[in-house]
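First chain written, first letter: the chains are A, B, C and D, and each begins at residue 1.
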Amino acid sequence: MTPGYTGIIPPMITPLKERDTLDREGLECLIDRMIEGGVAGIFALGTTGEAPSLSYRLRREVIDETCRIVDGRIPVLVGITDTSLVESAALAKHAADCGAGAVVTSAPFYFPAGQPELREYIEQILPGLPLPLMLYNMPALTKTSFSAQVVEWAMEQEKIVGLKDSSGDLVYFRKMLRLASSRRPDWSLLVGPEELLAEVVLMKGHGGVNGGANLHPRLYVDLYEAAKAGNLERSRELSDQVLALSQSIYTVGHYGSAIIKGIKCALSVLGVCDDFMASPFHRFHDKERAVIKDHLQTLGITS
Amino acid sequence: MTPGYTGIIPPMITPLKERDTLDREGLECLIDRMIEGGVAGIFALGTTGEAPSLSYRLRREVIDETCRIVDGRIPVLVGITDTSLVESAALAKHAADCGAGAVVTSAPFYFPAGQPELREYIEQILPGLPLPLMLYNMPALTKTSFSAQVVEWAMEQEKIVGLKDSSGDLVYFRKMLRLASSRRPDWSLLVGPEELLAEVVLMKGHGGVNGGANLHPRLYVDLYEAAKAGNLERSRELSDQVLALSQSIYTVGHYGSAIIKGIKCALSVLGVCDDFMASPFHRFHDKERAVIKDHLQTLGITS
Amino acid sequence: MTPGYTGIIPPMITPLKERDTLDREGLECLIDRMIEGGVAGIFALGTTGEAPSLSYRLRREVIDETCRIVDGRIPVLVGITDTSLVESAALAKHAADCGAGAVVTSAPFYFPAGQPELREYIEQILPGLPLPLMLYNMPALTKTSFSAQVVEWAMEQEKIVGLKDSSGDLVYFRKMLRLASSRRPDWSLLVGPEELLAEVVLMKGHGGVNGGANLHPRLYVDLYEAAKAGNLERSRELSDQVLALSQSIYTVGHYGSAIIKGIKCALSVLGVCDDFMASPFHRFHDKERAVIKDHLQTLGITS
Amino acid sequence: MTPGYTGIIPPMITPLKERDTLDREGLECLIDRMIEGGVAGIFALGTTGEAPSLSYRLRREVIDETCRIVDGRIPVLVGITDTSLVESAALAKHAADCGAGAVVTSAPFYFPAGQPELREYIEQILPGLPLPLMLYNMPALTKTSFSAQVVEWAMEQEKIVGLKDSSGDLVYFRKMLRLASSRRPDWSLLVGPEELLAEVVLMKGHGGVNGGANLHPRLYVDLYEAAKAGNLERSRELSDQVLALSQSIYTVGHYGSAIIKGIKCALSVLGVCDDFMASPFHRFHDKERAVIKDHLQTLGITS
C-alpha cells in the first residue's frame, strides 16, 4: 500500500476582489497555473487560504469554484478547520457535494483542547464526514499539537488518511513517519514549511503543502522529484532556491501575515490574481509592492 | 460623565440540551436567577458561553432567546468575536435587531494580528456596527493583547464604550484605568478573573464579568457593592468566598475547560439547567459530578 | 504569630563603578537613603541587584559591605539564587557570617525543573542553610513557578519563612495568602510588582519588594502604611503615583532591562550612586538620561 | 577554506560520584570510549554536561581532567556559558591554560537580552578570550535566539569560528548555513538534536553535537560519514536507529531532565561511569533503571 497523497499540494491562497467577494478569474488563472506546474492536488481553505477570515458563504463559493475549475484534473482537499464542529461538518458535506477528494482539519482553535479532548473531538466529527480526513498539525495557531498518542489512535481509523505537519519541528515529523511506516503505510505525511521539503522527502516523507507553490509551482515540484529520486546535488540546489524565495518574498512585511501578503502581492505583480486580503489584514502598499517586484526579478520568477 | 456599564455582568454560560440544541427552559431559569441575584447586565456569547464552539444558527437563537427572556430588565451585551469580520458584523446586526445594548469583540483569534493590524481591524468593523462596542482583552485565547496605544486610539472612538480585561494582569488593568480616568470617564473597565474583583473595584474599576456569577450571582453583587462602598473588611471576607468557590468548583476538571465544565455541572446539580457541553468538550462524568455536589454543599450554595 | 517580614524591603540595585568593581560610596549613600525613607529591610543580590551577572567575588563583597553599612539597623536579606546548589550554599554561609537575617532563593534557572524536582531541590539545600529561607517566585526568568503543592510543602518546613512573588499574577498571590493564613500565620507574603502593592496590602498581604523603593523609598513606605491602615483614598492616590513612576522611569529603555536601567540612571541623576551596569547590559546614553531627568522632575523626585 | 570543526563532537556528560565530586575513573573510561568510537572532538561543560549545576571548582576540575585524559588526541571544546561575563572569562582562561581548542558560549541566560544587548555581550567578552569562540544557540534554555543579524555580525569576527544550533528549528539552521557559505566558508555549523543529524549533513551541514554520542559514539559517527558520503539508504537506516535510541532512552523520565538522566543511567548500566546527577536532578530509581536496561538490550548497545 502506498500513501494516497504524495507530491506537492499547494495550500491555495484565496484570490479576493474586495471584502467577501471572490476574484473568480484570478482563481481560474491561479489554479490552471498550478496544474500546469505539475502539482499533485490543491488544498483549498487552509491557513494560506485565509479560511478562518472568510464568511461561510464565501468559503462555500471557494469550494464550488475550485472544484468546478479543477474539474477532476487533480484531487481537491478542503480545509474544514473551525471552532464549531457543526460548521465544520456542514463544510465537509458541501465539499463532498462538490466532488472534493478529502477534507482537512486541525484542532479547534479557540479553546486549547487537552489531548483526550482533542481525540474525542476527532472521534465526534469523524462519523459524519462524507470524505476521508487528513489531520493538520498547526500548533502555533491552534495552541495544540496532535500528540503521538492521538496520532497513533488516528492511525487506527481507516477514514483518516494522513497528516499535514506545519509545526516546523522535524523531529516530530520524523517520529510520525516512523509510526506510520509500521502502522499505516498508506498514510500521507506532508510537510508545511517549504524550507524543509528537501529534507523531508530525502527521508521518505511524502510531499509538501507549501505556500510558495502558489507562486512558483514548478520549483517545488522539481524539488520534490529530485529529492524523491535521491538526487542530492539537485535537491540542495533547488532547496536553496526555495530558501531564497522564502527569505525574500516572505520577509517584506512584518507580523505573521507577511507570508500570505507576500505570496498574494507577488501573484498580483505577475498578473495572476488580485491581492486583496481579508480582514484583519490588508494588501501591501506600493512601497512594499515595489520590493516584491524586485525580488521576483532577482529570483527569475515570471508569469 | 459616568461609565455606562458598572457592577456584575455575568458572562452567561449557554445551556444546551444536546449538540446544536438550546436548553430554553434552562436558559430562562438561569437568566431569571441572575437577575434576581442583582446582576447589572448579561454578557451572552462570550468565552464562558462557549460561543466559538456554537453554530451561527445557534448563536442567533441564543441572542433571540436571551433578549426575549431578559425583556429589557437589564442590558444584554452580545459577543461577536470571530475570525471573520463578515460573520461578526452579521451577528452584531442580529443583536441590534433583538434589542441588545452593546456588542463585545476580542481580537480575531486565528491569525495573531500585529498591533497596527488589530487597530485596523477595529477601525474596519466599527462603522458597520449598529450598537456600541466594548473591547474584550483575552490574550491567552486570542494570542494578542490590546496594547496601550491601541486602547488610547479606541478611547477616541465615541462608539467604543469600554474594555473587559480577562488577561489576569492587574498592572495592565491599572494602566487602562489610569488612561480612561483622564480621557474617557464614561468608559467601563470590567475585570474578567473573579478572584480580582475586590481589588479592581477597591481601586475604582467599574465591575466584573465573572463566570461564577452564573452560579451564585448574589455573592458577586454583594462583593461589588461592598468594595464600591469601601467596606474593606466585608470585601476581604466575600473575596475569600469567591476564592473558595474558584479553588473548588473550577479545579475538578483538567485542562482549560475545567472552569466552564465546573459552572455548568454545578448549575445542573442545582437544577437550573442542563450541563451538556459543545464540542470539543463534554460534561463531567458522575464521579466529577459528585465532587461538584460536595463542593456546593461546603460552599453553602443552593438553588 | 505574625509574619517576620512586613513592609517595604527594596530589592537593592548594585551600584557599580566599572566591570566587577563596587561603587562603595554609592552603596552607602543608597542604603542610608533607603533607611531614612523608612524601609523595613533590604534585599541584596536579587534580580534588580543584577546578582546573576556579578562574579562570586563581587557578590561576596556586596554582602560584606551591605551588612557593614546597614549595621543592624534593619534586617538584610541575601539572594542566593543560582544554578549550582553548591554555590548557593556557599553564598548562604557567607551571608550568615556577615550577619544577614535571611536568604532568598528562586528556582534554579537554567534547567526548567519539574515540580517534584523543584521541591527536592529545596529539600536538598535546606539542611545546609545557616539562615531562614524565603522563597522567590519569578517564573518569567526561572521558567518555573512554585506550585501550590510545593508551597504547601514549604509551609511545613519551619526554616522557610515566606514567599516573595514576582509573577505579577495576583490570583496566585491571593491563593498563597489564603494557604498561609490557615497554615503559617508567621509566613511573609511579599509582592514584587510595585503597581500591585496597594491591592496586595489592602487584601492583607504583608508588603512589597519593589524596585522603585530604591529611588523613592518614602513613597512606597507611605503607600504601605496607608493600605495597611485601610485608608482607601490615600492608597489610591499613592498607588497612582507609583504607577506614574513605573510608566515613566521604567519605559525609557527597550527590552527587559529597561526597569533596572531606569532605576540606576535615575539614582545617578540624583547623585546617589553610579549607573554602570553589569554585562550583558549597559547604562543609558545621554539622550535617554535626559528623558529620565525630565521624568524625575515631573514626578517631583529629588535627592 | 574548510570548517575547523566537523563530524561528531559529543556534548560530554559529567560523571559524578556524589555532590561536587567528579568520577575520575568514569570520566577516563567515557572519554576513551568516545575516542575509540571515532568522535572528532569533545564538548565539555555544555547543557548535557550539567555545567550550570556544577560549582566553579568542579567545572575547573572537569576541564583539567578532560584535557589531561584526551591528551591531544582530539580537540576539546569547553562551555563557558554563564550569567556573569567575569566568570565566563575566567573559565575561558582556565580552558586555554589546560590546552583546550576552543570555548563555547550561549547567551547569558537569566536576563533575556535584546538582540543588540546580545551582540554587545559577545563584543565585550570576545577581546579577553584566549581561544576561538563557538556560539551556542539554545533558545529553550536561554530565552534568546541568536538572530540572523547578530550571526551575520559574528561572521565578521575572525575569532568566532562557528555555531552550534540546538534550537531544533531546521529552517533557522538552513538560513545560517546559507549565510556561512557565502561569508565564512571556514565556519562550523553543528546541530544539537541528533534526530536531525542526517538531514543536516545531507544538506551540507558540518556535523553534530549529539548527546547520544556519549552512549553509542560509533552510531553517530557512522551516520555522519554515510550522510557526508551522500549514501541516502544508509543515512536513513542509521538515522532510524538514532530515532529509536532517542524515543526509548530519552523518554523514560519526565520533565526536561529525562535526556540527561537517560544517558547517564545507560552509561552506568553499561559500566562506563557513575550516574549521580547534580541538583536539581537525581539519578533514576531502580524501576526506571530496569527500563533503560531493557531498552539498551533492544537497541543492541553493549559496553
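We adopt the following convention: a contact is a pair of C-beta atoms (placed from the backbone, for glycine too) under 8 Å apart; a residue touches a chain by one contact, two chains touch by 3 or more.
Given the structure is predicted, the values throughout are model-derived calculations rather than measurements.
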Taking each chain's centre as the mean of its CA atoms, which one is farthest from the centre of subunit D?
B
Which integer distance in Å separates the CA centroid of subunit C from that of subunit D?
35
Subunit A and subunit C have mean C-alpha positions lying a whole-number Å distance apart equal to 50
Residues of subunit A that touch two or more other chains: which are they?
none
Drawing the touching chains as a network, do you get a line, a ring, a star, a complete graph or other?
ring
Interfacial residue positions of subunit C with respect to subunit D in the complex:
19-20, 47, 50, 52-56, 58, 83-87, 90, 107-114, 117-118, 120-121, 124-125, 141, 254-257, 278-282
Inside the complex, what are the residues of subunit D that reach subunit A?
168-171, 174-175, 178, 193, 195-196, 198-199, 202-204, 230, 232, 236, 239-240, 243, 247
